[in-house]
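When the chains are written out, they are named A, B, C and D in that same order, and each has its own residue count from 1.
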Amino acid sequence: MTTSEPLLEARDLRKTFGGLTAVDDVSFTVDRGTIVGLIGPNGAGKSTTFNLVTGFYDLDDGEVRLRGENVADLSPEERSQKGMVRTFQITRELTGMKVRENMHLGGQDHDGEKVLHALTGAPSAREREKELEARAEDLLETLGLWELRDEYAGNLSGGQRKLLELGRALMTDPDVLMLDEPMAGVNPRLTEDLLSMIRDLRDDGMTFLIVEHDVEMIMSLCDKVIGMHNGEVLTAGPPEKVQDDDRLLEAYFGGEV
Amino acid sequence: MPARKRDGDTGNGINRRQYLYGAGAAALTGLAGCSGDGSGGGSTATEASDDGGTATDSGSNSESGGPIPIGNLSPFSGGLGWIGPNSRRGVDTALNAPEGVNQAKVLGRTVEIHEQDTETKPQSAISGFKTLDSQGVFSMVGPSSSVMPSLVGPAQDTGLAIVSPMTGTIQLDEVGGEYIWRTVPSDGVGARAQARYAYNEMGHRKMALAFKNDKGSQSFSAASGDYFKNLGGEVLTEVPLDPAASSYRSEVKKLQDSGAEVVSMTAATEVSGLFIKNYVEAGAEDDFDLLLGNDVLTEGFIEEMGADVMEGMVGQAPAPGPAHDVFLEKHKELHGKAPGAFAASAYDSMVLQALAYQKEGEVTRDAIPNHLYDLGNGPGKKVSTFAAGKKAIENGEEINYVGAGNPQNFDKTGDPLGPFAALQATDGKWKEVKVYSAEDLSK
Amino acid sequence: MAGLDPQFIWFGIVSGSLIALGALGLTLIFGILDFINIAYGEYMALGAFVAFSLNVEFGLPLFVGAIVGALVVGPVAIALDKAVFQHFRNRSAIVLLVVSIGLSFVLRNVIRIVWGSGSKRFDVPIEEAPTYFGVRILADQVGIVVLSLCVLGGTYLLLRRTDVGIAMRAASDDTDLARLRGIDTERLVLYVWLIGGVIAGTAGVMLGLDAQLRPTMGFTALIPIFAAVILGGIGDPVGAVVGGYAIGILQEASVVVIPSEYKPLIGLILLVVGLLTRPDGLFGEATR
Amino acid sequence: MGYASLVVTVAIIAGIYSLLAIGMNMHWGDTGLLNFAHAAFFAIGAYTSAILTTTGGEGLLASRVVGFEFPVVVGLVGGSVLAALAGVVIAVTSVRLEGDYLAMVTLSSAEMIRLGIKNEAWLTSGAQGIKNIPRPMADAFPLQLGSVTVGYDLFYLGFLLVIVAASYLAFTRLSESPFGRVLHAIREDEDVPRALGKHTDVFKLKSFGLGAGVAGLAGALWAHFFFAINPSMFLPGLTFTIWAAVIIGGAGNYLGAIAGTLFVVLTRQVTRFIPGDIPMSSELPFIRLIVIGIALIAILYYRPAGLLGDEERLVAGQMEAE
């Protein structure tokens, strides 16, 4: 399943806020076509790591390599265009836009986003919009949001928002999809559907990096799990191995909250 | 029709004569006829019946032989908002004092003032002008330099004359004579008086200019400097004064360092007040003399600043017209205080307009372009009140109006030429120290 | 081009004192309430005009008028918060900014109606300033500088030594955190309006003493005050004061180099540069 | 008498302000950018067009040495383009800033521009302003069409309405296009479009440029109608007025922006007919501003979506804030 070179690699990531080191020498790799989980207790530095990898925070030190290329100096949108697309921990669905508009926003290489094409209604733009419509319909159906397509995203429930965010990210056809707590607030029945959907996508060659609180779910879903604590990587490997790592258990249940 | 009603406007009961404005109806035949048509559809008035009860079917505002609507388009707010009330009181004095317009009555009718605020902004001035036009005023007491250039076109287009008591800008020197008039001399004239006084009487050769950074003040200042150079003097530097500044200390310092012997400082009261404060604090009296602009030559200003602070400072103003003392009395009687800046010229503007209608024999917008020049320049019997002028006109005499702010002798472009006086603050009052005749000051 | 005249430094210290005072009050309010209060300029003007009424219309000594004028603004600021800002507490900083613009229009025009739109002066004589060491120094100006320093010092002590002040600093650093720690932020808001208002009133009176009183006096003073707040780091009282003096002195000294009509440019440029050099803007929020 | 003429003039003012509101709505309504420099873009358009189409002055106060006497159309285009460029330049430095900080930078930039216009008399005539600005096709009017005379003002109003309508259509189209969709996403939460690979800074620059450009066009149209311009026409208060119009009309809706403009312009005009003998009539200008201030606060409180804004969208947005 894995190729020789990892699709995504973090090398010695470091980030401090004020005097506080949030992420310290974090390194890990994500192989193509795998699902990788990032776990750890609150404040372990998972979200910061996520933001560093996707470019929403500037690195103090370290490298982020995508297909071997260092993208550490690229902006979030440039990294996204290279195929690394994220969702957010707290849903950032665009509340004042309709569900369908949210989805269409994910479309890449859209001529209609150029002023002149938008004004003249260029055929290429209209064509692209049609494609997006079809794709969005598929995804919305799958996610059970089709009925809500003309609803403002702000009127959706928390779980529905999570789904919408996932769908919007999928609209970009990413190589590596980075999901920040994708299952939070999603009802259990749907969670199962989602998990199988993620597995299917993985089997089609998509790569996932997932931050999740629900350790059990991560263990069942992921090909590889990275455990973090206090801004450092404690352990990394197959779920079975990580599951039994004492230091991680200590971190989770070791008395400090 | 909403309008500003005055105490003197009591109406005339059943004897009120009715006027029908034929063109009023024509004006409503469509948007098309009215905009930009220079003939001014509404400008002819025809006398109709004596019947007090008949409402006109013209639909315009001229339904009665009641008051004649005249505009007062002045700055009541904004940068020059302090002038509007002065103008208002001047106009009011012209209307309601003994021998005033509303006592003697123009063609048997009183005058009713419609006020509009220019807010000292051109766009508001245009709205105000058009509002007055729509209210059917026949002419108006006009606005300040800051907005006048935007009104020249509309005045010509609508044939609605403006007689401004406060527009000094030299930009208007070559404009006017038909629909644009002023009863205050051009800054060019006052500035010549100032430059002359500095050069001849004070013996200075090095001048610097300071002015509030607006149209009117800069215009006056530039004219003064120019004439001072013509006389053989030297203008060393120009310092604009930002009206929003909270001090002019560095500007005063700059003037002190410039080596100027005299500074022509033209600004309205706010800027002048702060400038003089900083001037005194900096001890700049030892370095240069100060010549002030028209706007501050009031006793109120001396009072505000303190008589000892102002002692010896020099300004210049149009030498009051022959009727000034009478005006002063009337103004004090009506308003309980001395007239403010431009009140006397506002008085003249109002009286002149009323006389023009009297002379025309009917109330029409053509009265101002037809008669204002002759009314001001004579030849004929000198009059200084509306009542006297009306009487003379009714007797078939030619008249020459001599005003309160100025003798009001117009040139061909509607600017009054008259004597100017240099005034010096002495014991809390402005004392005339030198008078220049109109001939002295003409180019 | 003349060399740097010590006279300009003194002018700079005087105007710096005024800017610092204004910036101090504004930054305190800013720190707790997290929005730009455009109406702050009108708070300053209000203090000055109240002092004017007492001093000129009622003939009381200026210092009495000044004290009352300054103190009155505190309760007024609280009242305006109750009447207006409180209702927008959970709205965005932008909405609050626009609301404060509306409020500033209301206040400024109320001032115009009550006191007229012309300029006013306190009942103090205009005199030539005596010269010390080649610098002309007015007693009024010394008063302004000394009083400003007293208020600045007093506020510093208040923030360092009193419970309210310490809570205020905590809340200014992070409002949410302060709330978690059990600080009653709504009560703090009242204190901050009170203190900020009184400082604004004081600044207004001082400004009126140094220059003259106009309904727009506070509004026109705002830009250098904002610049000081931003240069000093938003919500940082010491920074605001340092920024205030820096801008005052730079602005006055600038006339040696640039034409005096461009003097306001200094405040404008510093404001823009101050904002732009702060990566990610507001408290570097994107990285929090 | 002059009612028709008054209506035409007021309509022209409302039309030009509508263009300003359209530009502002692209900034604030569509993109969520807090632009406080609108009066400056307006001024740049007016001055550019005036300088391009007039000659440098003569006489004592004519310090202006620059003037080109190009046809009016060159002025209109030049004014729009330069204002758009100014918008982009201001935006390049500051679009990354948080909303209210952007407001401060744009306000300061606008003041700098005004300071420059006021003091660089060689270019702008300074406080004296520029006069004798030509009117396009002025010689053709009044035009006799059968029995109807078409005055110049009426012609200009027609010309203006065509431009307003065209701008309205163009901006509405942009707003509803995929381009507008990205702008809306930026308004809602800029991180999302960034995560989806949109160069949001570039979109913001475009938004700023387009809105500033139409404001510049409004300025040019203003200059060519009103003969004369001077710095006092472009005070920050104008920006505030347009803000009030957009908020009252309903941000995000171009028809709302125009409706808000009509509301503000008509309010000002109608109060001109208030008779002078009512109590406090001399305080009217101040009361008018107080009323506008209170109206603004009240609308923000009671009807944040404005007259024609989409309330549902706003409510949907607020749920999340809870």
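In this text, a contact is a pair of C-beta atoms (placed from the backbone, for glycine too) under 8 Å apart; a residue touches a chain by one contact, two chains touch by 3 or more.
Since the model is a prediction, treat every value here as computed from it, not as a measurement.
Undergrad: Which two chains have the greatest number of C-beta pairs in contact?
TA: B-D
Undergrad: Please list the single chain whose C-alpha centre lies closest to the global protein C-alpha centre.
TA: D
Undergrad: Quick one: report the Å distance separating chain B from chain C, using the average Cα coordinate of each chain.
TA: 41
Undergrad: Which whole number of Å gives the spacing of the CA centres of chain C and chain D?
TA: 31
Undergrad: Go ahead and note the Å separation of the Cα centroids belonging to chain A and chain B.
TA: Whole-Å distance between the two chain centres: 74.
Undergrad: Among the residues of chain A, pick out those that touch two or more other chains and give their numbers.
TA: Only 56 qualify.
Undergrad: Which residues of chain C are in contact with two or more other chains?
TA: 117, 261, 264
Undergrad: Hunt down the residues of chain B that sit against at least two other chains at once, touch-wise.
TA: Only 77, 81, 213, 240 qualify.
Undergrad: Which of the residues in chain D come into contact with chain A in the complex?
TA: 170, 173-174, 177-182, 184-185, 187-189, 191-200, 203, 206, 210, 312-320
Undergrad: Taking the complex as given, what residues does chain B use to touch chain C?
TA: Spelled out, the residues of chain B in touch with chain C are 77, 81-82, 213, 239-240, 242, 244-247, 249-251, 253-254, 257, 269-270, 273-274, 276-277, 280-283, 285, 304-306, 309.
Undergrad: Considering the complex alone, what residue numbers of chain D touch chain C?
TA: Answer in residue numbers: 34, 93-94, 96-101, 103-105, 107-109, 111-112, 115, 118-119, 240, 243, 247, 280, 283, 286-287, 289-290, 292-297, 300-301, 304, 321.
Undergrad: Within their complex, state which residues of chain C touch chain B.
TA: Per the stated touch rule, the residues are 2, 5, 7-8, 11, 15, 18, 117-119, 121, 125-129, 131, 136, 138, 207, 210-212, 214, 216-217, 220-221, 252, 255, 260-261, 263-264.
Undergrad: Which residues of chain C touch chain D in the complex?
TA: Those in contact with chain D are residues 35-36, 84, 87-88, 90-95, 97-99, 101-106, 108-110, 112-113, 117, 223, 226, 230, 259, 261-262, 264-265, 268-269, 271-272, 275-276, 280-282, 285.
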